[in-house]
Amino acid sequence: MEFKINNLDNILSGSISESSVDGKIIATINGKEHFIRIIGLKNSILEFILDNSYRTAKIIEFGSSYIKMIMNGEQIVLKKHSKLTEILEKSLAISGSSSGENKLYSQIPGRVVSIMLKSGDQLKKGDSVIVLESMKMQVAVKGHKDGCIRDIKVKVGDTVSRNDVVALIE
Amino acid sequence: MEFKINNLDNILSGSISESSVDGKIIATINGKEHFIRIIGLKNSILEFILDNSYRTAKIIEFGSSYIKMIMNGEQIVLKKHSKLTEILEKSLAISGSSSGENKLYSQIPGRVVSIMLKSGDQLKKGDSVIVLESMKMQVAVKGHKDGCIRDIKVKVGDTVSRNDVVALIE
Amino acid sequence: MGKLISSILIANRGEIALRIIRACKELKIKSIALYSDEDLRSKHVKSADEAYYLGPPAPAKSYLNIDKIIEIAEISGAEAIHPGYGFLSENETFAGKCEEKGIIFIGPTSAAMALTGDKMKCKEIMTKAGVPTIPGSDDILEDVDKAVEIAEEAGYPILLKSAYGGGGRGIRLADNEKKLREEFEMASAESRAAFGKSGLYVEKFLQGIRHIEFQLARDSSGNGRHIFERECSIQRRHQKLIEFSPSSVVDKKTRSKIGEIAVRAAESVDYLNAGTAEFLRDEKGNFYFIEINSRLQVEHPVTELVTGIDLVKLQIRIACGEDIPFQQSDLNLNGSAIECRINAEDPFHDFVPSVGLIPDCNLPYGPGVRVDTYLYPGCNVSGYYDSLVAKLITWGQDFNEARVRMSNALDEFIIEGINTTIPLYRTIMNEKNFINGNISTDYLEKYGILNLMQNQIKERTLKTSDSSIAAALLYSEFLKGQNPAYNSSKELSLSDWVRAGNTKNGI
Amino acid sequence: MGKLISSILIANRGEIALRIIRACKELKIKSIALYSDEDLRSKHVKSADEAYYLGPPAPAKSYLNIDKIIEIAEISGAEAIHPGYGFLSENETFAGKCEEKGIIFIGPTSAAMALTGDKMKCKEIMTKAGVPTIPGSDDILEDVDKAVEIAEEAGYPILLKSAYGGGGRGIRLADNEKKLREEFEMASAESRAAFGKSGLYVEKFLQGIRHIEFQLARDSSGNGRHIFERECSIQRRHQKLIEFSPSSVVDKKTRSKIGEIAVRAAESVDYLNAGTAEFLRDEKGNFYFIEINSRLQVEHPVTELVTGIDLVKLQIRIACGEDIPFQQSDLNLNGSAIECRINAEDPFHDFVPSVGLIPDCNLPYGPGVRVDTYLYPGCNVSGYYDSLVAKLITWGQDFNEARVRMSNALDEFIIEGINTTIPLYRTIMNEKNFINGNISTDYLEKYGILNLMQNQIKERTLKTSDSSIAAALLYSEFLKGQNPAYNSSKELSLSDWVRAGNTKNGI
């Protein structure tokens, strides 16, 4: 099976080549044989010994074609790779950037301290729309695309959560 | 309600006298009023503020007439107290020490390193029956009553768990 | 040592409240905590002897609510108040209120605080006391000729600043007289348009600046001590990230000289209790006083580790009227200590705040490692307050030992659920300019540290790709075993071994 | 400093394996761990760079299996082996095998180990080197007159010991010649009956003994240093429980004098690497050498905290042929440090071992606190190995500050699932004889410490009875709310608020 990891360019491969009933496994990863001994799986934490070294991964999410985990404190997203998915993703990415989503989400929770644009204003991608305060810092929520403000969904003093819609951009 | 705690002699009392819907409670404990604010209960850990001081108790076990918890790192057993239970307990204690249990349990896990008595031997309460090794220490399992060894259930080299029966005493 | 007080109210939250509670426990003083609705489950509430409810989450309604805090102090019978840092710690009104009510304020007098708080007045006092300040105008300049005159004295390049700007706005650099005159006209017009007045002043432009500060203590008998320096040049947008002591550019002679200046600065405002004199040091080694921070500093543990002095206990003793129990000559600088401020901010995305539940965390420990934090598994990082969630401090016989221990401790420090600045510090601890002491306040930009961090993460991801692929293979095999649709397949499923492993290990 | 080795195999487990792994990480040396079946999930396996399977749980088949360990060292390409303490650390065969195979053994040579391991021979060498040993017979006495002669010289009372006894068996005390003659006859007859030979010897009886040891280091160039003393008198059945440095009965002059004797002892056996010279001190202040422990001592962190020296890194450097990087005069004793050995034993029930799963634990931290441990939430304490689960070490500017910090850290240290010696140490840290330094090896019995502990627990239980009753009331109300049978009752149920509280707090 082929994989892509995070934003790395390399295409990587792996498969299980041998396994015995006492929890010992041989896997071929990127063309090399590796010996694995499973320690356990509990609360989504997978522990194993890979070639005489302890490894642990916390599984966060999984789908039919991807798995998201934390390893060594870093988030790793592993996607099954195939020519087809690559083509699909590219086309999605193109459509995503051209028409895209109308909703502007706040990336953090916070309190609205100022509103920079009003309904009807034109904006470019990256322009500040509103300013939130969180942890004594002021953080701008910026337009995710060029367009025109159709509606501002918040007013100064409001508290917003992460991923709340703060404005509509057309 | 009256309570007894661990091996303390005192008889203590407590009841809830008032409560409001926002999690604030007034309890009368040993004749004094106390103000309680509940923080939460999760994984058997009860957290609350008692008269402006934070308190936490981990509930280990509970029955209709007792509750076992850990508070400040110490195990607390609280028994509902009544004249009747007192009488019952006393009579149980008497019968317990006279006839009692035939089984001798190991109080710790370990490996049997020597057996001091054999079937048919007489013993007094406190006499060593077998010796276990655990954590490089030798620990004797001692007779819990006077009597005669009917059966030794282990042999040298055996591994026993905590509360395993190691001998029968009649 | 005389009799100490019996109770202290802590007008703060988070790690500094916990730090003060520890000092109280050591001195057998009752600690009284405060909590807003947001902090009911916070660790300082659990650790203090008593905890009182303060109000809604917003600071103005809780930790900045002077009247309510004074009221609780009176109800609880607190003999003293420790303000920590931030919040009311440098609020002269609050200090004054405590004095009025006869509650000991653990910090300077409100009078001294008023002087240190007014930067212009403080600079004036320092100049009179012979403390070197950054050359420039003492006041607002209406006249460009006056500006040129000062520039000639201080030397070019010179900074032109607007009193109404702030945060870098309206700062202009001039490297000769012609340029200064041009810029002055432009800036003056701009300022007049925006604020109705000019309000310009000039200040010497310092290159390759380091931010170095001296810990101070002064008691009510007037004994003043400096407790060595802290190097605080690793900053991001004027916010300190990493501090250490000793500084590689402060030798014994400089330490005594600048330390004595710092003590003189404290004397000139009749300072009381612990404080910090902040200096800028230019490339030529000149030190310029900037201000006195009239409180316990976030980075005080660095000084504690190299001197052995417990600064919070010292603060309490001074506030109770005791004399400082050591002479200047008693102090020894022992080894080296570094602090990293672990902030709940995402260094990969322009340091946006990151808040929420911490499902689990693992604090580093071991020889030479100290953590000051309010984190515990299951706690909450609130967006209402400061982003500092932990301070990691390491000690070593020399800078290098402390640095390597810091690097290892950062690897061990796991905080789930939020993003933190840990990856940035992992990069810095192993970056050659930091290792060699080539630092200044523009260190992050100068050496492209954020890019370096991004690249290192990529490298690390690639390096552990064998492990992550192995984990993915094992986990998907486990899922197959869970899914009845797959159970009919002839392929051997790993789930059996996973389960077998679990049983063996008592799960 | 020269180039160090690139990998170390750690022939141990538990906290000491972790301690050595930390040192390896600081020196950028690859750490190679070993594990028995019992230790697959142990923390040293998780922390090391590599981990190799050793065998079944029983020590003889795993951590004492010399051939297997040497085999793994060769397979893994380990350049050196660190034996930790216990297990093979003082096994001269193992050290010899390493020498044979060209693997660096981080410890003394097998030759020096053979000398220090033979107590009679070692005592003989020490006597020749002018090191004071406990007065008594050099060898087994067949003749009562010889015993009397030695007793006259050493002074009464005198101990009569059997070479075939051990653990206190057959020790008799005689306080005059008549008594000695009587006891000798009886003991001799007894011994002959039991072992076919007499095998008696005499030794001066020391009163109010303290156990004080000196940390040693000696390099391959023959530089010997003592790194001050540790006071180890708080013991239970000859097992150390608490150690600290400095000792309250060792002044600067004594420290130099006995320290020099310790170095001389090390020289007389051509000792290499870190070791410890153990002494007994009688009430009159006389020191008597007893033995050299030819390994890293459990209590080495105490010395690390008062000197700043990382003893494990020093061991590795010496083993790599480096010279000790400091002179005797460079060493400073900085403050005071105490260690408590947290054992998985029940102090309320004759210290029976307590083993099993640790569902949760909370390690103390904060200023001056260090923990060396293999515990983590979910780990297992095995009955196959030593009962030491953690070492808690605190530092302070003086003994009292270290002691108070220890007391507070013990309060913070929570280990669920097993019984430990923590309650005993909580009692000792606040016991007046310990505070005042009135200690000796019979401290526990002399001052009835176990009874004191029992009484204090009772007092504490009574003191917190309001809280435990409140908890019981709240919990039983919660249960009522859970039980539908009660739901019809008109009584208000607390469970609603408990649930309300949970929702608010995002559970």
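Think of it as A, B, C and D in the order they're written, each chain with its own count starting at 1.
Operating definition for what follows: a contact is a pair of C-beta atoms (placed from the backbone, for glycine too) under 8 Å apart; a residue touches a chain by one contact, two chains touch by 3 or more.
All figures in this text were calculated on a predicted structure; none of them were measured in a lab.
Each chain gets one centre point, the mean of its Cα atoms, and the points for chain B and chain D are 31 Å apart. The centroid of the Cα atoms in chain A and the matching centroid in chain B are 51 Å apart. Separating the CA-averaged centres of chain C and chain D is a span of 39 Å. Looking at chain B, one finds that residues 39-40, 42 touch two or more other chains. Across the assembly, chain C contributes 40-41, 505 as residues in contact with two or more other chains.
If you sketch which chains touch which, the pattern fits none of the simple shapes: not an open path, not a single ring, not a star, and not all-to-all.
Here the chains touching each other pair up as A-C, A-D, B-C, B-D, C-D.
Within the complex formed with chain D, the chain A residues making contact are 39-40, 42, 47, 49, 52-54, 56. The residues of chain D lying in touch with chain C in their complex are 19, 22, 25-26, 40-41, 301, 304, 308-310, 334-335, 357, 363, 365-367, 369-372, 380, 397, 401, 404-405, 408, 505-506. On the side of chain C, the complex with chain B involves touching residues 40-41, 45-53, 76, 378. Contact residues of chain C toward chain A in the complex are 344-345, 349, 351-355, 383-387, 411, 414, 416, 422-423, 457-458, 460-462, 464-479, 492, 494, 496-498, 500-502, 505, 507.
By the touch criterion given at the top, residues 1, 3, 5-8, 10, 12-16, 19, 21-23, 25, 27, 29-30, 32, 34, 36, 38-42, 46, 48, 50, 55, 57-59, 62, 67, 69-74, 76, 78, 107-110, 134-137, 139, 162 of chain B touch chain D in their complex.
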